[in-house]
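You will see subunit A twice below: alongside subunit B first, and alongside subunit C after that.
Up next, the complex of A and B:
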């Protein structure tokens, strides 16, 4: 707009930028500062240099949670992505039925994560008798879900898929809608079947939305706190204590805030790498559009 | 198989698959609803019964007696003020991004994408000490400010996309007629943007109403605790008394879903209009 000055634009964005500076950037700066100190119950004491970072990366509990996070994220990513893509393909037409389907899938994503995980905990708990009733005919009547390490991890992955398939669906559906329909028509005339059309047209055209969905899901899953805190409590015997929960415990149960800040910043650095990837992909998408 | 039969079959499969998906998505919620309405001595009955034989509101009564209203009011107040702050600050920034080409604009857009991707749980530890320093721990104001900071990038994103669809000529005409820019925004742009504002407001509401991890860390006494924290504490307090727990879950879910049903048109416009983050 020609009659608008740069100064007016900056005035309008200042309150927004101030909020982000004060409540996102400054806490990160303080956290970086504290990560070099020993902090006991909010009292900053000795300068320890990189000592906190060393404590974190050599901690057996952290290393274990790192491995568990890798396992959780891999499975959650595969299942959530597959479910989300299937749902996007399933509900892509704007018929009443499909719009209804999308709305229902969005419900687990819309309600509180805490509440969702709690309701799943109730379903999976042996007291409900619900899983026992379902599994008994399969000869699995005595299988306990949350008390067995592997099953608990599977339950955690199910929790992720149940809630976040909708998130993947939304991201992918926007991509699906941007594939020109003429391409499909042309391929049909040339005799391409549905599978061939999917592999040769849909997948290549969807490269960027798929990558963005992947990275965003990885960021989400590697940092997740609510699922393990509520559904499994990190157990049994720490088998589901993934990074988010390990960090929370270091900070807010042990109150080792110096170490927790070092831990949080390393996680944050990992996130930044992934976020830079998102931005690159995003920029590529903008240029394509 | 003739053409009509093929269409009928396809439609049947379509309905069956949708029903299956709906069942998986809704089963935990419906089972929770059923549990919350059963008398305490029927909750553990075997084999489990999906539809309660007798309906009882005793668990909701328990929540009421435990003072759930305080937490609900905190959630309502925090959500309302967060929405107001986000829409106020967000419309200004969204307007600037939609209407001006200024140096630094693309840097701001990429900052927005970056902050939208930052997982909030990785900010909790550093933010905790900062909130203590500002005396904002255990205050509803503290929660409102944090929630607004976390949801503003999304709000700005939705609103700038929406403002771009409003013709520039409208506010030019208003400004020729003697309106200042702020008056033009308030009297011309915002009234035309209800759909965008409602869509953004719903995103903010969902976050503020549902947030658990931020409130968990930033409240250490009952003053500012919100509904999700109350439910979490019930989980520790009642342990395995699933009656009050599932009743609490329903108190959290039902108002939110009701609002979404009321505003569904706006929400769908927001969710499919390319305004979803990512």
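Up next, the complex of A and C:
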């Protein structure tokens, strides 16, 4: 690259770097600064050092949220990924029917998270919901979904899968379409069946799209706020108060912004650790292969 | 050269015109959750008040910037820090303490209330609400329209069950009435109409609860406003929590869905005919009557809180919306003038007749227009507030206190804790927030 083209490249990148600086780096810096202070009602008062971090680490509510987030993210990831991959395989061809199928599947993803979660809340409500009508013939008309701690978590996972399976489908379908068709043809000639072709060709060739999907979903589910805020309100008895909701309450409802900043930075670090673990797991698998 | 002179004189004239326009039309910015372009009662009332004020004060224009109600307090504080706050802001009672702590609002007592004739303040009959933002001789916000949680009921269903609403004096009588009103009309084993319903979710309940009146009835101090501590784990507190849990688990007069229901859910389903009685925000009276699938206008009514012994009525909480002026407003005089108009007799009359709010002034409720039967619910509420009103301390962080109490009920309903332990947890959460 010549000196001139190097300069042009910098000019092109500068607006985006400036935006990153203004909207990401500087707020992150301010957040980190405030995390060492007591900040109540947006007023910075005493320097507390690592006190806010200690408050977060030792809070039973936060530790419980961490566990609930792990449960939620694990199940939501498994079900969303499985549904997304199945849909990608089902609708990967470009016939009119398949394109129509993709459009239908995308509907939950295109409506706002808030509206989607409200819809599900009405559906799951045992007072006026469709689910009661569906379950009644099975003798489960009196089963409460949202008012039972275990069922509420299952509903939250369902909300995640219902909305984000289409997102996973898009990411994975892009990967599926990049797999050379000759490989499948060659495998067919060699006598490989559909399952063998999937295991020996599709999965290995999809390693990168799968990794990207995993990372995007993990970040999304670990930080999600709308689903628990609207669908379950974090209840019953805090059974669905995952980290995103706990952080929102600390910062924007309790106005304890010093602690909330410390909490947010720790959540940020938690995200990084999770992503590194996923990448390392994939690399280890790649090396084995 | 001549053309240069001509252009210069035109430019100078234009600048003078602009300068004079700026000087004559002072613009006061108002942050509110209302929107004068909408058609609900309070939105229209605000529109009318602005039009009347601007007509009486031709030099002042009011510019409304509508905000999300749950973000108003935090946004105003941010605006105060960055020097971009509006001249006037609505503030809900829960956030008054935050505005006072941030020293962000001006003293309205000095601005105009002190200039009123002697005794004029007494017209604001809810003394606790009137004094909620008072520190020493200064008063930093004034009530615009008071809110509270209240017990709604359907006259038709109570009449069908042979229950006289005025006979419900105690909580036990309320439970018994709810038992009679809970009905399974289609025989599927699940009630189609529940006797009573209450929002017990920890989110978006807006302070709506029967728990607090139950506690406050038996103890004068629920929160120590000096130390900012809560006193929930008392005999009254345990009784309140256990009664709520029993309504779901033992008496089976309240649906378990209450645990995840917010006040919107409760009022929507009450309007849809799912409950005979419901605890909800008083401000929703008109909207619920209009939206009901049954004859809401004829059959919706409210009753005062029962008490444990039934000898009197329970304490009525006062929440609701206040109005304050930004301390650093460049239009402070015009801003306070507008606030004075909003709480004047004309302003309060507009909030009440058009906005459907209980008048904050006694004199307005005495208007002949309010003798009409359709204002019965307003007189009922005015009477309840006059008997005993309860205001949460504004100098403590009161955010989510209702969520703490709701969580306590949830823990007991699910068998995860005793009432005492659940209330201790609620006290701890309150303490951590201070």
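As a working rule, the second predicted complex is superposed on the first by the 258 of 289 C-alpha atoms of A that agree within 3 Å, B and C clash if a C-alpha of one lies under 4 Å from a C-alpha of the other, contacts with A are read in each partner's own complex, and residues count from 1 in each chain.
Simple rule for what comes next: a contact is a pair of C-beta atoms (placed from the backbone, for glycine too) under 8 Å apart; a residue touches a chain by one contact, two chains touch by 3 or more.
Predicted model only: the values in this text are computed from it and were never measured.
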item: Overlay on subunit A: subunit C relative to subunit B, clash or fit; value: clash
item: Partner touching more residues of subunit A, whether subunit B or subunit C; value: B
item: Partner chain in contact with A:238 - subunit B first, subunit C second, else both or neither; value: second
item: Contacts of A:42 with subunit B and subunit C, given as first, second, both or neither; value: both
item: Which of subunit B and subunit C A:27 touches, first, second, both or neither; value: first
item: First, second, both or neither for A:127, with subunit B first and subunit C second; value: both
item: Partner chain in contact with A:249 - subunit B first, subunit C second, else both or neither; value: second
item: First (subunit B), second (subunit C), both or neither touched by A:156; value: neither
item: Which of subunit B and subunit C A:146 touches, first, second, both or neither; value: second
item: Subunit C-contacting residues of subunit A that also contact subunit B; value: 42, 125, 127-128, 252
item: Touch list for subunit B against partner subunit A, complex; value: 14-15, 17-18, 21-22, 24-29, 31-32, 35, 44-48, 89-90, 92-93, 95-97, 99-105, 108, 110-111, 113-115, 117-119, 121-130, 132, 145-146, 148-150, 152-153, 156, 168, 175, 181, 206, 209-213, 217, 228, 231-232, 235, 240, 242, 245-246, 249, 252-253, 256-257, 260, 264, 268, 271-272, 274, 276, 278
item: Contact set on subunit C toward subunit A in their complex; value: 74, 77-78, 81, 97-98, 101-102, 188-190, 201-204, 255-260, 262, 265, 269, 272, 274, 397, 399-400, 407, 410-411, 413-414, 416, 433
item: Sites on subunit A touched by subunit C in the complex; value: 40-43, 125-128, 136, 141-142, 144, 146-147, 149, 152, 229, 232-238, 249, 252-256
item: Interfacial residue positions of subunit A with respect to subunit B in the complex; value: 1, 3-4, 6, 8-10, 12-13, 15-17, 19-20, 22-24, 26-28, 30-32, 34, 42, 87, 90-91, 97-101, 103-108, 110-116, 118-120, 122-123, 125, 127-130, 133, 162, 170-171, 173-174, 177, 209, 212-213, 216, 219-220, 222-226, 230, 244, 247-248, 251-252, 257, 260-261, 263-265, 267-268, 271, 274-275, 278-279, 282-283
